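Each of the two complexes below includes chain A, the first together with chain B, the second together with chain C.
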Partner chain A sequence: MSDVVVIGAGLAGLTAALRLARAGRSVTLATKGPGGLQLSQGTIDVLGYTPERVTRPLDAVAAVAPGHPYASIGADAVGSAVSWLAEALGPDLLVGDASRNYQLPTAVGALRPTALAQPSMIAGDAAGGRSYAVVGVRQLKDFPADLIAGNLARTTAPDGSRLAAHSAFIDLPARRGEADPTPLTYARAMDDEAFADRFARDVAAVAGKADVVALPAVLGVRRSGVWRQVAEVIGRDVCEIPLPPPSVPGLRLYDALLGMARAAGVRFIQGSRIVGFEAADGGTIASVTLAAAGGPRALRASSFVFAPGGFESGALDVDSHGAITEPVFGLPLTATDAGPLIPEVYWGPHPLFEVGVRTDDAGRPAGPDGAAVHPNLYVAGGIIAGAERWREKSGDGIAVATAVRAADHITGGAR
Partner chain B sequence: MKRLDTDVVVIGGGSTGLGVVRDAAMRGYRAVLLERVDLGQGTTGRFHGLLHSGGRYVVSDPGSATECAEENAILRRIQPGAIEDTGGFFVTLAGDDPAYADKFLAGAAATGVPATEISVKEALRREPRLDPHIQRAIEVADGSVDGWQLVWGAARSAMEHRAKILTYHRVTKIERDGDRVAAVLCRDEKGGEDVRIDCTFVLNCAGPWAGQIAEMAGASPVEVVPGRGIMIAMNHRLVNTVINRCVYPTDGDILVPVHTVSIIGTTDVHETDPDHLPIPRNEVQQMLDAGEAMIPGFRKARALHAWSGSRPLIKDKRVSVEDTRHMSRGMAVIDHSKRDGLLGMLTIGGGKLTTYRLMAEHIVDAMNEQLGEDRPCTTADEVVPGSRDGRLYTVTHRLEDREEDRLDDPIICECELMNRSMFVKALHEQPDATLDDLRRQLRLGMGPCQGGFCAARAAGLACSEQVADAERASGLLRLFLKHRWIGLWPILYGQQVRQTALDHWIFAGTLDVEHLPQPEEEIVR
Partner chain C sequence: MSEKSRNERAQALRDRLNTELQRMSLDMCVKCTICETACPVAAVTPLFSGPKFVGPQAERFRDEESVDHSVDYCSSCGTCSVVCPQGVNVAELNSLARAVMKAEQGVPVRDRMITQTVLMGKAMTPVAPIANAVLDNKLARYAMEKVVGVHRDAPMPTARGESLHKWLKKRPKPTKAPTRGALVYFHGCAGGYFEVDAAKKAIEVLEHIGYEVIVPDQGCCGLAEQSNGLFEQASASVRRLVDQLRTPGTDLTIISTAGSCTGMLKHEAHQILGIHDPELLDVGTRIREISEFLMELHAAGELPTDFRPVEMRLPYHAPCQLKSQGIGTPASDLLRLIPGLEVIDSNVTCCGIAGTYGLKKEKYEIAQAVGQPLFDMVQANNDGLAACDTETCRWQIEKSSGVETVHPIVLVHRAYGLSS
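Our next item is the complex of A and B:
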């Protein structure tokens, strides 16, 4: 029996568990897999598009429509939740704040707004007519340096300045005899100082003149500050550009949060799914059911934080007839028929992915009348309705703010 | 305006057109094929991949059954690289009339279609996902065929015989000299110039678009009724044998294992416009029900992609009866000399992919006759390029190849085991191609992730290999994503919703493709 059972090990679940544990609660975190951070870009997005490009995210948060996850939280609480996480992770992992967005190059050469980024990324912030030397590694297939540079070179930054960019490649296997390395293969190689030095020298030899040398986000996973070592050898600022999964910057955040949560006493149960629950009078959740290897097992607690992700994790399901459900608790959703919510056009909103659980102001799942359906069950992150997170660039901020809201309500720390 | 001179212009780059241009070229005619987009982008690329044994027609259309059986054997010989020898079963489901199987066996014997009844136990042993309540099972020589490999094989063969294959050439006008066809005018869509091709004969193989082409020559209207059918590709091979329902041919009664997927089809609904073929939700549901009837749990399997194709059915009462001798069954040849007093043009409709070679033979025979030539058909005797090792395709070929080169060459599309060399080679052979054009030949982005991981890599390679600048490469990526979605949204349920959300996280979340600088003009081809 714990005070709280947290379900899910993405950004929302880990944040909730850490905050609860640091507030002195005993916490058990149950998760099927390693969460979604390793699929993410490793920044903390708060709000990037409304759909216009956002430069001051908290101002935009204050103006979201009713029904948006931020609407019931408010800009101040979002800002302080994000600051709390940034302080917890420290400036070696996250810099910036929710009042201003960086505009960082992506691995196809678009400019992506994000509020907090890793210190290895921010020299890429597109402003003041910055010039980039985009250097790829021949063996690394997910960093198309020519495409990135070509697109940056035809980009006008939000401050109106024209960017400049050129590209180059180095040829440096991460491991002998491996033709198809992932970003993680390189990141692990970079944890070795000698390899990182060799990499930096090779990059310096081809980079040419530019304000900043843009590199794939593979500059170390366990050893911090690899980017500083590389920048020193090159003699220029460097910026890491996140790659499609597996994401090294996402893994850095995951490792750090997991380590802190463990240190704070959170107990982890990994590899098993939560498949159901038992309720007591008045809808209070008495326990959740873990599909453990030996058979179902009840995890009891006073409160539960449900942070399983959204459609991407299967926490929201669409069956072959188009019925949308939340399979674990059968929570009421903002829509139940997927059919009309899936448009025929790719570009533009896909309203299906805004479907989810609506909440009361405390972050508890609520019915259409706004009343909580289980008094001691809270939701956080991707399961909450009201935002197409990847389009808005709001997924991390929503996860952190709703996790902190849930934790604070449980500990009575909510304002 | 660019000018070319030839004997025959073949219009349409589907299986019929490619069969015809190959046949004509092999008989020594100078031939040019015009296709308004890419080869096999119409009906030929939008079927369920079945190489008919003839079984489907043994009761309803015995002539077609015999033709299918004969052509099936010929294609296995001349185009083995496009064909997988899956074999096929006709199964009587629990609620179906078991007596039909007797009619079927009698029909098969009468039409020369090899068919053997096997025990239910044996059928279930070989296809354990089949409904255990089936009553009877008959084994036939069905196969699966990759329509794109088929047409590209024919195209390469035709080119060896000096035919010209011009893709992305849209016919704009057919000129006459009195009562005779004189030239075809077309637009080179990629090169951006007009081309005039002087010719003595036009073979209109435009399938569902044949009516539009005939009109350009001033022929009286040819009524083409596109018969639309939808197909759904399921995530993997639910079966390794083609499964047909042993009933009088109806909707949604065939499940075909093709490459790494299995395809269920199809419906039959009349449409008016072959350029706009919907994939209605009710038909998706109908296909899932049909799949469930054969394979219990079908609805729980993951659907990857859906598409809609149209059969080019010609409704024409003015086709004179004497023309029927030129007809393969289910095929219609319109001789415009008799019908419209227009010499030097034939229009072809109907037909089946399995009998495409035979159709071509009939059509070119008809042209021979009009031209007073006696040049025999040799298409059944020559193996096409790409198939000359004589090996039938098997789904494990790519795995075998990657085992050989995995230490030298990265995989670009993990789902379909397409490596970098394959892609780069195709890029340089067809520098104007879109990612979709390359997809049809290489299966780029056709697996479970539907391009989630490979599409940006492909665009990056197009840029690095200098076949596209960043603007065009980005446009190609955007076009590819837009096109993949056409086949995704109608079947977005179950595991494919998860996949789509992940893909959205990658393209919108991490890469922000939507906010790349916009091209001056949207890339459309």
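Our next item is the complex of A and C:
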């Protein structure tokens, strides 16, 4: 038996597990898959759009509408939660802070606001009329250098300056005989110093003049500081641009967080879903049910943190009649009928994605009357109602802030 | 085998692949690539195009013929199914697709031979010194590689001279009367003939904490046959074993020190071979890997923890076919109860051997590359011993790292003062 069972190994679950373990609690982390981090950009978005583009995220957090997950936490607590995570990961993995957003180029050449980024990315911050040499690799289909440069070159940065960009390609297979390598294949090759050196020399030969050389985010996955090696060879700043999954920067964060959690003593159970629970008196959760091979196993604990994600991971379900449910605990949701929430125009707001669990101030699932449903069950991350996270670019900040809130209430350290 | 029966076999397997319910799990694949990033084989060779590529993608084109032959480079470690967040049966469907392909093409003699684990044990045990000398002989191994296709440097088991059952017959009856009732012990073929020491110690630990241990005659679970695409033989093996494990009674907990064979009984025979017999499901729900069982006792406050200190660093590797049972890594938790023992988890996905995969001459180099981070980690962190729950993985780790590798129960046995 552990003090706490955390369910889910996305950013919220890993943050909660790490914070609890570092506070001396015994923690079991149970998850089906490895969570969404390796599908992410490997940055920490706090708030990117309200819907206007945000440059000072904490100011915008302080102004969210009541009912938004940030509203009951407050800007100070959001800022300190994000800072705690950044300190835990260290400046080789995350730099920046929640008071200002970087504006970083994406794999289609748009500018994406984000608060904390990896040090290999921030030279790409779009300001001051920056010029980019976007260099792709012929064998790596997910980095369309021409498209990225073309879009950047017609973009006015948020500070009003015009950006400049051109593209170039190198021809460098990561492994012989491979027809369709993923970004991860390249990142693993870059973990070899000699390959990274060869890559950098090839890039230097074609990059041409620009302030910064923009490269696919494949500059190493296990070996840190590959970007410094590459920048040194090229003799100019480089910036990594995250690619579609598998996301190498996301994997770096996942590996680091899971590694730290394990080092802090977290027990890790992967591959089985949590499918139910047993309650004791007063609605207290006594155990959750792990659907392991060979039959159900009960995981008992004093407290539980439920961080399973939202609709995208199946933690919230919509059936063919439009009924919305949370299948594990049957938690009360802010809406139960998807029908009226699905817009006719795809590009408009999607209120369905604001549906989720409402919480009390401690982060426990609450009924319509605001009272906690189970006294020892906390929620964190995408299951919480009130934000269209992917549109706002607020999912990471919500995950971290609500995970820290849950952990601190469990340890009694909450303010 | 005649052409006709080969075609019939292939067709029967293809029918399963095309009609089984788990095929619907393909529609849950969102192409997130998580399985591709976790696959230990695709990480080291482009010869395997990855679990998603040969699975949820290629499967759609496999109506009448096998379209992607790289599926044979899958090692069957099962990691893709473990990490899939959407519940796609990637490994199970790829195993079935490979069985179809091998049924179409015919299975090499080598793949039939290396799956005969009990036969190997029975043949080698009476002539252990000779058998071990032959397997240590460079010339003999070179000939074996050329003729049979088993790589000359691949790890081989060591014959012991005395089988577990022979020891059971000879040994004095336990002096302590059982206080906790009876358990059935499943040792697997390796525990019966090659890893006899771990099997003896498991029995002694269970007896020490108060159980009567019943060891029925038992054969092979068929896992090696299954991962070589010999589904009919594998089905016959596992059904025979299920009957044997049910003879002592149908309400007893079954304890195993064979980690991967436990997975075979818990889920693989059901999902990959398509066996739905209630007898298999019964055994599958009653069986526990020994560390899992001891940690269940611990959770209930029923495990004696009067352990003597064992002062050493111990690298521990959780094998993939234990992780695929979705129960975490109970041996790692159990070993941490022993004072003085500094358990260092490998956190490496796979040792590479995957049963018989790493024995094959065309896959040996891949298996070594898969296991290299583990071998390095074991070499850097040991005080003369490493631990792992499955047999062929122990042989692989020991051969490639040079560090003696034992079942975790060996350390528990020592901590209870039953050995020094």
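Here, the second predicted complex is superposed on the first by the 415 of 415 C-alpha atoms of A that agree within 3 Å, B and C clash if a C-alpha of one lies under 4 Å from a C-alpha of the other, contacts with A are read in each partner's own complex, and residues count from 1 in each chain.
Here is the rule we go by: contacts are C-beta pairs under 8 Å (C-beta built on N, C-alpha and C of every residue); 3 or more make two chains touch, one makes a residue touch a chain.
The shown structure was predicted, so the numbers you read here are calculated from the model rather than taken from an experiment.
S.K.: Considering only the touch criterion stated at the top, classify A:Arg53 as touching first (chain B), second (chain C), both, or neither.
M.R.: Touch status of A:Arg53: first partner only.
S.K.: Touching A:Gly271, do we find chain B (first), chain C (second), both, or neither?
M.R.: So A:Gly271 only meets chain C here.
S.K.: Using the superposition on chain A described above, determine whether A:Arg198 touches chain B (first), chain C (second), both, or neither.
M.R.: Neither partner.
S.K.: Compare chain B and chain C by how many residues of chain A each one touches, and report the one with more.
M.R.: B
S.K.: Tell me the contact category for A:Gly259 with respect to chain B and chain C: first, second, both or neither.
M.R.: Only chain C is touched by A:Gly259; chain B is not.
S.K.: If we overlay the two complexes on their shared chain A, which of chain B and chain C does A:Arg100 touch? Say first, second, both or neither.
M.R.: The answer is neither, since A:Arg100 touches no partner chain.
S.K.: So, does A:Tyr346 touch the first partner chain B, the second partner chain C, both, or neither?
M.R.: first
S.K.: Looking at A:Pro242, would you say it contacts chain B, chain C, both, or neither? Reply first, second, both or neither.
M.R.: first
S.K.: Which of the two partners, first being chain B and second being chain C, lies in contact with A:Arg228: first, second, both, or neither?
M.R.: In the superposed model, A:Arg228 contacts neither chain B nor chain C.
S.K.: Counting only touches as set out at the top, which of chain B and chain C does A:Asp146 meet: first, second, both, neither?
M.R.: After superposing on A, A:Asp146 lies in contact with chain B but is clear of chain C.
S.K.: Identify the overlap between the chain B-contacting and the chain C-contacting residues of chain A.
M.R.: Dual-contact residues (chain A): 39, 177-178, 180, 245, 313-314.
S.K.: Going by the contact rule at the top, pick out the chain C residues touching chain A in the complex.
M.R.: Going by the criterion above, the answer is residues 32-34, 36-38, 43, 46, 49, 81-87, 263, 265-267, 284-285, 287, 299, 323-329, 333, 345, 347.
S.K.: Which part of chain B faces chain A closely enough to touch in the complex?
M.R.: 281, 285, 288, 299-300, 303, 406-412, 420, 453, 456-457, 459-461, 463-464, 469-471, 473-474, 477-478, 481-482, 484-486, 489, 492-495, 497-498, 500-502, 504-506, 508-517
S.K.: Note which residues of chain A are touching chain B in the complex, please.
M.R.: 39-41, 49, 53, 106-112, 139, 141-142, 144-147, 149-151, 153-156, 177-180, 242-245, 247, 310-314, 317-322, 338-339, 342-347, 350, 352-353, 389-391, 393, 395
S.K.: For chain A, which residues count as touching chain C in their complex?
M.R.: My answer: residues 1, 28, 30, 32-35, 38-39, 175-178, 180-182, 184, 188, 245-246, 251, 259, 262, 267-273, 290-295, 297, 300, 313-314.
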